[in-house]
Amino acid sequence: MSERADGRAPDELRPVTITRNWLDHAEGSVLVEFGRTRVLCAASFTEGVPRWRKGSGQGWVTAEYAMLPRSTNTRSDRESVKGKIGGRTHEISRLIGRSLRAVVDTAQLGENTIVLDCDVLQADGGTRTAAITGAYVALADAIAWARGKGIVKASKQPLTGSVSAISVGVVGGVPVLDLPYVEDVAAETDMNVVVTGDGRFVEVQGTAEGVPFDRSELDALLDLALAGTSQLAVLQAEALAR
Amino acid sequence: MSERADGRAPDELRPVTITRNWLDHAEGSVLVEFGRTRVLCAASFTEGVPRWRKGSGQGWVTAEYAMLPRSTNTRSDRESVKGKIGGRTHEISRLIGRSLRAVVDTAQLGENTIVLDCDVLQADGGTRTAAITGAYVALADAIAWARGKGIVKASKQPLTGSVSAISVGVVGGVPVLDLPYVEDVAAETDMNVVVTGDGRFVEVQGTAEGVPFDRSELDALLDLALAGTSQLAVLQAEALAR
Amino acid sequence: MSERADGRAPDELRPVTITRNWLDHAEGSVLVEFGRTRVLCAASFTEGVPRWRKGSGQGWVTAEYAMLPRSTNTRSDRESVKGKIGGRTHEISRLIGRSLRAVVDTAQLGENTIVLDCDVLQADGGTRTAAITGAYVALADAIAWARGKGIVKASKQPLTGSVSAISVGVVGGVPVLDLPYVEDVAAETDMNVVVTGDGRFVEVQGTAEGVPFDRSELDALLDLALAGTSQLAVLQAEALAR
Amino acid sequence: MSERADGRAPDELRPVTITRNWLDHAEGSVLVEFGRTRVLCAASFTEGVPRWRKGSGQGWVTAEYAMLPRSTNTRSDRESVKGKIGGRTHEISRLIGRSLRAVVDTAQLGENTIVLDCDVLQADGGTRTAAITGAYVALADAIAWARGKGIVKASKQPLTGSVSAISVGVVGGVPVLDLPYVEDVAAETDMNVVVTGDGRFVEVQGTAEGVPFDRSELDALLDLALAGTSQLAVLQAEALAR
Amino acid sequence: MSERADGRAPDELRPVTITRNWLDHAEGSVLVEFGRTRVLCAASFTEGVPRWRKGSGQGWVTAEYAMLPRSTNTRSDRESVKGKIGGRTHEISRLIGRSLRAVVDTAQLGENTIVLDCDVLQADGGTRTAAITGAYVALADAIAWARGKGIVKASKQPLTGSVSAISVGVVGGVPVLDLPYVEDVAAETDMNVVVTGDGRFVEVQGTAEGVPFDRSELDALLDLALAGTSQLAVLQAEALAR
Amino acid sequence: MSERADGRAPDELRPVTITRNWLDHAEGSVLVEFGRTRVLCAASFTEGVPRWRKGSGQGWVTAEYAMLPRSTNTRSDRESVKGKIGGRTHEISRLIGRSLRAVVDTAQLGENTIVLDCDVLQADGGTRTAAITGAYVALADAIAWARGKGIVKASKQPLTGSVSAISVGVVGGVPVLDLPYVEDVAAETDMNVVVTGDGRFVEVQGTAEGVPFDRSELDALLDLALAGTSQLAVLQAEALAR
């Protein structure tokens, strides 16, 4: 690959925008855009926890991911109409939930629950990584809201750090960062990496789509991902500072 | 009711905005806002028709309505997670589909299908009427797209007119137009009216929430609705002219 | 249309029969017939209310509508076999429930629930209107039963009036009352109207099947419906007096 | 048990009525009553067979059994609302289908399908045996209809005999025939027996509800069942002769 | 039929093996083999009973039967993937549960529940009868475990006897015992018989697959079944004595 | 951690056994054991491919994973009874399918489908890695069967290599190989690694259960995994050579 379709350098992110308070009702909400990928992240704070966690003194953070039927190039059937949730949706919802819990001290949260709804309004690759990156900001806003209201004591800080995510892959033999759909379908290897603000790994999910990959390719992809998520961490911090 | 909560006159619409081409992939797409109610309408044009309509020479137009879990003040469970679609969702999807088909000559459309996805991003009353009003514009764009591409011959015009919808109701004894949520829950009578651009009725759905209503109340509500939809028809035409 | 297929005048009901106590177990039961349309309405009275209503001091009335697979000319698949309830079934169940609640003072009912099961044994148009008309009588019997048993104090009267329903439509340009299937499929406009015994509206649901309709057609249909439901109210009263 | 609750002798059937043509649309229909048990059996004849049987030259006969929610003393939830069919319903549907196929020569039927819908309007024990007994008559009418129409050639006779069914059980130590609900719940042993018109067995389903039973009890029950079904065979023939 | 495909005499069982403690976690577990039919039976003992049985002082025993997708000659779809359980699975699960409860005194069990999972690893006819025969041994082990642990007092003996099951059928005019798949599909009559250790019947389920059967055939089949189950009772006792 | 609960060295596998042809019907079948974890892998070869792949000339390999209800220490509800498949099951089924497809040249397979059913009979950690390791052997047997039968030409070799999988994790600060359940629940970091016989990666799925992990921990885990899978590749080859 002499050059990427959109002219970016291999280690360059797409334009990223993080718009807070996109919704009036939610305790935290973010419209996050990675290029043409657009995900609406809504954080709902509710007092109480699921039954299996009652009496533990600990809170819970979970996530649900979904795509609007026409977020993609070709319309997909609604999972509500099909009457069941597909494997991919389950997988990504669980990934987002685990990623956020990695930076939450549930004991500090108290017996409260935060649900992050990540609905893809438009998809162009990287929807799960955009969702994690945006959901963290919505989560931070919901926690700030609860501390402001005194539902979580101001002396408690449930957040232990920040978290973001990016996709990396080998396309035409070249390791690249933040793949749009057109690169995603062409990638030999595809990896999603979730990283904390201080540069440690929360999730590493690499898949050989075609040819298996070796250790040096893996290392190159991890390098790209760490560089990309460190930029995302800055963008998250800037958004929260506004 | 001496005055409405938001200061409007009884026969006054909320601010209405119709943003076309909000999505990159769909053949027609509109973000429609009635005050704080915000609905994303995507029109998907596909060649071919459902099995039961094959060989008829006629096209098909249908709609699916849904609310994002946190479009409302309190989070609702996803219908995909519950594994079934609720009665209200079914009812509104069917209403939108019927309303649009009232202004489509399916023979002119040929054996093509247009699906209108109306997803409520934020709800503040009147989501079904906003959805119909926005979906008509997305439908018009999808038809124009198909005629431009020659999938529908330019000599054919599947649209036979325009259609919009508004809610009316009796609140505190006063008939009012375009009810936000706070008025909707307080209304004694609630009516949704779907009207063509030339002022004829497509649907009249009136429900006594508390006390049954008499003929004069019904007449007053229909007057309000006709006035409201004639304004919406102008806004639709202006949006399509841009 | 010079004449209707079954020889009726435009404003003439089909023969209506209301047979009370058709079942041995139910607290109220009615076999209602509008011509060949035959609906079995069973009222089940149970002490207690759904969870969301507990402690309110108020009762609840709800309805479930269904069609037997061979009630229609061509056999339909069972919704239990398909594993989900269709939109039309949901819509009609909700309509029946709302219509009956319009004439019930739930505070007088106390924390008791009445479920009205309306099962269509044979369908020939107007099944939802026959169901509402018959269900009211079954409901009245169930309430009388509860007052007789002392479950509802005799000094309480949960019923605030009676309710019935009829279909009206424009067929071949002529407004007609109480459409059988053959007229229903040919109607340009189709309306179901639910009216109290004292002539006020509970529901008005009009749909343009083909050409949208104007104000004068709407007025003519409402006139027919009010005349028809006033006859039904008499038949209900006579049945309850037997 | 000195005497049965309803005064019958141990080997006496409840009053049985078989009303043909209870429905206008179905190709065969029967309202069958065993005492207070009341089952509506509708036979739907359709040309063609399920996919797995296509090209075999053979027809198919199947059945679906269901109970209306208030057919029983206490209301049951609808299986359509629960979204799945219970084990008992499945079991009985399969039993009815097998029983009827035992007297059908599917090669004579040609590639046609007959579905028997057996809906219990009122239940007082023995609903499955009443259903089989009534469904046979509806089936015979549907086959006669098809032969009359020439859809099945008049020279073909798909029916190879008749079939009926009855319940027997040991109640208070006494073997009895045709148990109503009050005896059914008290029975130590409960058996449903399906027998052809010429006295051979199609199904024998015996269950020890409490204490296991021995060979002599089994023999006594089979004697009762054969006597009962021979009476039912006469009643079926008389009904078909009317 | 001069001879059976596997050379057995008409009244001869296939080789039966009962391997206890095949699993490490379950309170009782058995791998039971009837020839090539192989069923894994796991007994799970839990304190407490289903809600509808609470406060009764009585325990509960239930069973769930399932087949692995490739237990059969041709792969079947998973019921979990299809989203619903088929009629045959329901029927057999219920049969196993009833059969085991026939030899359990639930009052002696106390408010404890035992679930028997019977998963068919390989199917070659007679899976339900093997399941019942093996599940009884797993049940006995689970009860012994609970008495050993003192969860059920050692002075209590919930088991009132033993139970086993076998299939019998008429193949080529000859009554035979313990049918493998190849005989099962060819059988004119097929019967499953569940018998206690002292030779009394718990269930008799006979079905004419083709031609209805007469009383003498029924008697011959019952004789075979009683002889077969008396051998199985010995094998069960031997297994439990090891 | 001075020592592992079962006395193994940190880089030591549990005893692994691979038993081929455990089933009589399947084209390939393996009972694979990693210590007490026991998974039955059945390969079903069928001619033809799913609809979306027809005419491509390419075959398809897919997998379904499930756990028996009592494979675990505490009984779990069946997914067939719950009516839906959980997210974890979906995730693992998809992982197994992708892993096997990484070593299959679907063009060489021709338009044939192989389904790998991996049913966990007993679970003690590492069920997905045991499933992949065993499923590869069953897959190889099914392909050999098809080449032997001439369904796949002997000149074609769909297998491009072998694949196995192992879990690694950090427990008590020490990177360890092949975690049993007791270590799995205690692990700070948990990783499943799928590796080809020539030492390249097919999947790397690492998750920080508690504290995020750094690059050096990741490297140590990958080293362990490569060593473990190279041993598994030898065991697979030995099993296939028997």
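Structure notes:
As written, the chain order gives the labels A, B, C, D, E and F, with residue 1 at the start of each chain.
Going forward, contacts are C-beta pairs under 8 Å (C-beta built on N, C-alpha and C of every residue); 3 or more make two chains touch, one makes a residue touch a chain.
Being a predicted model, the structure only gives us computed values, none of them experimental.
Where touching is counted per the definition, subunit D and subunit E have no chain in common.
Looking for a copy of the C-D interface in D-E, A-F or E-F, one arrives at E-F, which has over half of the same contact pairs by residue number. When chain centres are defined as mean Cα coordinates, C lies farthest from subunit F.
With each centre defined as the average position of its C-alpha atoms, the distance from subunit B to subunit C rounds to 28 Å. Remark: subunit A and subunit D have CA centroids separated by 59 Å (rounded to whole angstrom). One simple way to say how far apart two chains are is to compare their mean CA positions; for subunit A and subunit C this gives 51 Å.
Residue numbers of subunit D whose C-beta contacts span two or more other chains: 83-85. If you check the complex, the residues on subunit C that touch subunit B are 84-88, 90-91, 93-94, 98, 102, 191, 195-196, 199-208, 211-215, 218, 222. Residue ranges on subunit D touching subunit C, taken from their complex, read 23-26, 29, 36, 40, 42, 44, 46, 64, 66, 68-73, 75, 78-85, 89, 115, 117, 119, 121-122, 124.
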